[in-house]
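The next part holds the structures, each set out as structure tokens.
The two complexes that follow have subunit A in common; it is paired with subunit B in the first and with subunit C in the second.
Up next is the complex of A and B:
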């Protein structure tokens, strides 16, 4: 593709509880992205915000952040879903010919939310909610199902947690940089069998923003463009019972389209770095398979061999991933921000040397119902 | 330059106060199937889906995910957009951008709401700032009452002028089998007399001066689906596609205290952008029919001035002269509009769908100008005083 470029990125630090309001967080992320691009708000033609009424506890949640996003007098819209889906819409608005540049910004205050109730509310109100199901208990079902299909063990899940929390120690924006062992993860408090505390991401506070531009708009910006080489998204069925929870056919479909556009044939070797949405440790192994890094049921081999470690063939989540900071809706956009920084060579201590092509991934819905895959490159 | 885009199919459920026979997903599915049948397509022909509603009304989170089976979004790209009252037009614009981007050929836009399962005003109040606004100016009626009072003070409009808009909307709704409010008793009574009844009847309760029950939109259960297609595909699907000539949104303030209630500045700005893109110089003459998001009666006076159909303060004259009636120069809301059916997430999308039907010449008993409609304007209003505008036309845009 290489028609639309990411020219500016901004992220706040993620913490368990920030004192800032939604507006202040959005303002920080948007200002950082504009400063990174060497631009001002007047260089932005239109704005897409990302928010969710349940997480914000506010109907028309986009209302709270428009001034902070610099939307005054502009054409704006709001996506409810992960930030990667917002970025996708921001890109299409440019491709339509109506705009040359888009600012996309996403925010989350997990500290003002009750995850169990909010994610319980995405299930069927009559037959499922009463069972108390939420994002974590649904994920536990998926983890079990995946273990049965693949033979992956709780130790394999723990290895993901060890790797990602360890990587987070190189990331000043991460919420939970930890030096932990497999034994620590296995010994951490049970949350929902087979998931322990350190298998689960910490829902927290944060915001992120990106600036997108077509070729014509580039002259407004100082930063070298990082091009969107390929992107696609796809949703599976909603009812967990209608899906094979152990296999992610929606991710496979999205990855196939994105790879085709980007000319990726062998993802494990063609990609230099990947930032995945690992809301729970086991998810990273499943996404390896969905993304074609490993054959179906063999994702655990990559974590056992260290292929996805910082020194491996394809480092996954050098930032520490979602396991280390999980502002919901923002987390996928942070993956895109991190992928951009990697391609630019600006990822600091978490930089993968010589990274030229990076993958960013976002999810939506229970157990990774929908997936969005971005391939970015210089 | 993006692709040219047209609307090729529209489906809506019957709008009713309570659809107890279906759940939300079934309601959505009803609209989707109707739209697909209208375009003679199957769900396999759809490349992507856009959906919207207001989460807190039904209390369902991640509606794009929850509705995947009913919306036909399984193993397809689906995005949810939500901007309050504008949600329906936001959905339409999102679908338009999907196709215009060249990434998708046929995109399904869905809006829905099941207000019978909601505490609508309770949910709307949470849209406002928890400290500064909720205790004083939350909900839909209060802010609109202020706007109406201000319009009356500025331009000398009267309660009878407001009622004239209500009468038009309710009379038009009688031609629309899909509309929620069918006030059959109004049939055969002269307009003057109807206006007198509305402003004089004690049964027509005052909600917040000057707004009575008859000045407001209802709460409705309903869903709508519109199919957008790219040039090259659209002509094969629909004999007369409704081409999108231009679309725009405008937003300015967030806090009610900042908004200048004198004029509707966002709908004015968005209209200006659309008319500039489409080369419209005299909207009243050039546009043949409107489907406007008028959530309450006085909007039908003031906002048509902001769009540019007449000078400030002249709205009432247009109404009393019958310019906006079915047989007038510029029929407004042949469907009966928002004041006759308001399934909130679907409402603005129905404006787009109805405008498309007028262009296609397929609006049945509510068709205006004998089907000779070249340009139709649809608007959305809501969110943080957002204005959405979409102009549809019979000719392919240049």
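Up next is the complex of A and C:
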């Protein structure tokens, strides 16, 4: 592909509670992304904002964030979904031929509400909501289905938690860097069996932004472009019972398309680093399989062997992943920000040496109903 | 240099979003719910394309993208495909923790129905075990007319 480039990225630190309003957080992320690009707001042709009304506690939250996103006097549109989908849409806005550059911003103040109540409202109001199901109890059902299909164990889930919380210690933006053992994870408080506290991501506050450009727009920016080599997204059934919860066919389909565009044939060896949306520990193993890093049901082999550790064949979530910081909606965009930093060689202590090609992944809907896969490279 | 923010205490406003709302169950959903309420019968519908039987019934098949109009009665017993025991309590839950959810594939249906699990020692729950619907004594036309599923 290599038609659209990422020329600027910005992220705030993620915390359990920031005093900043979401406008201030978006302003911080957007100005960081513009500064990173060596650009000013006048270099931006159109703006995409990513937010969700229920999380923000107001309707049309996307419009309230516009001054912080630098969009006065510009074409703006909004995405209610993960930041990767916002970035994908921002790319399409340029490919439409109407614009040369896009700024995409996303924000979340998870600290201002109760995630269980908010995520309960994503379920069907007639058949499911009244049962009290939420993101975590639904994820627990998926974790159990996945264990039954794959033979992965709670220890394998714990290994993901140990790896990612440990990696987060190298990431100054992460909310929950921890040095923990498999035993610590297994002994942590039961939340929704088989998930324990340290299998679950901390919902928190954060914002992120990226600047996209086509070749024509590049002269406005000082930063070397990181090219979007391939990107695709795909959705599956909304109702948990109507889909095979243990196997993500939506991710397989999205990965296949993105790999084809990017010329990736053997993802485990062709990719240098991957940033995945591990809202719960078990998800990382499932996504290994959906992304073709491991055969179906064998994702646990990669975490047991250390293949996805910092010294492994394909380091996954050097940033600490979503398990270590989960500003919902923002988290997918942060994966893309991290992938960009990796291929630029600017990822600091979490840098994978010599990374040239990186994968970023986002999800949307209950239990990974929809997936977005980006392949980026210098 | 002093920062003016050092002398400001952050204000936090607390509130609730409470907005009346009506959710139409639709003709398909209403027939499903009244079947449970009036006769303790669970009905799904079959896709003419793939033959899949949906419970709860759907108005169209997501796989084949065709309308589904053939009603099929399914059993009130089925297989527990997955379950979780939840150890936290929040306002939206109908009962206090610990509570259990299951995905139940009813005999005669494809796919699984989400519901509560009860009348059992949660420690004995196993994927693949047989469970049966326990109907509420007083039924009002909601999904709670099935009180929960219990191991047979």
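Assume the second predicted complex is superposed on the first by the 378 of 378 C-alpha atoms of A that agree within 3 Å, B and C clash if a C-alpha of one lies under 4 Å from a C-alpha of the other, contacts with A are read in each partner's own complex, and residues count from 1 in each chain.
Keep in mind that, in the parts below, a contact is a pair of C-beta atoms (placed from the backbone, for glycine too) under 8 Å apart; a residue touches a chain by one contact, two chains touch by 3 or more.
These figures come from a predicted structure and were not determined experimentally.
Asks: Once chain A of both complexes is superposed, is A:354 in touch with subunit B (first), subunit C (second), both, or neither?
Replies: Neither: A:354 stays clear of subunit B and subunit C.
Asks: Output check: A:85 vs subunit B and subunit C. Expected answer is one of first, second, both, neither. What do you get?
Replies: Touch status of A:85: first partner only.
Asks: Touching A:57, do we find subunit B (first), subunit C (second), both, or neither?
Replies: both
Asks: A:240 contacts which: subunit B (first), subunit C (second), both, neither?
Replies: The second partner, subunit C, only.
Asks: Give the label of whichever partner, subunit B or subunit C, reaches more residues of subunit A.
Replies: Comparing subunit B with subunit C, the partner touching more subunit A residues is B.
Asks: Quick one: is A:250 in contact with subunit B, with subunit C, with both, or with neither? Answer first, second, both or neither.
Replies: first
Asks: Considering only the touch criterion stated at the top, classify A:42 as touching first (subunit B), second (subunit C), both, or neither.
Replies: neither
Asks: Using the superposition on chain A described above, determine whether A:76 touches subunit B (first), subunit C (second), both, or neither.
Replies: first
Asks: Considering each complex separately, which residues of subunit A are in contact with subunit B in the first and with subunit C in the second?
Replies: Residues 57, 125, 237, 239, 242 of subunit A touch both subunit B and subunit C.
Asks: Where on subunit B does subunit A make contact in their complex?
Replies: 1-3, 54-56, 59-69, 73-84, 90, 93-94, 96-98, 100-103, 123-130, 248-254, 269, 273, 382-384, 386
Asks: Of all residues in subunit A, which touch subunit B in the complex?
Replies: Per the stated touch rule, the residues are 52-54, 57-60, 62-64, 66-67, 71-81, 85, 88-89, 91-98, 118-119, 121-125, 232-239, 242, 249-250, 253-254, 364-366, 369-370.
Asks: Within the complex, which stretch of subunit A touches subunit C?
Replies: 19, 57, 114, 116-117, 120, 125-134, 136-137, 140-145, 148, 189-195, 237, 239-243, 245
Asks: Okay, in this complex, where on subunit C does subunit A touch?
Replies: 10, 15, 17, 23, 25, 29, 33, 54-56, 58, 62, 81-88, 90-95, 99, 101-103, 105, 111-116, 127, 142-144
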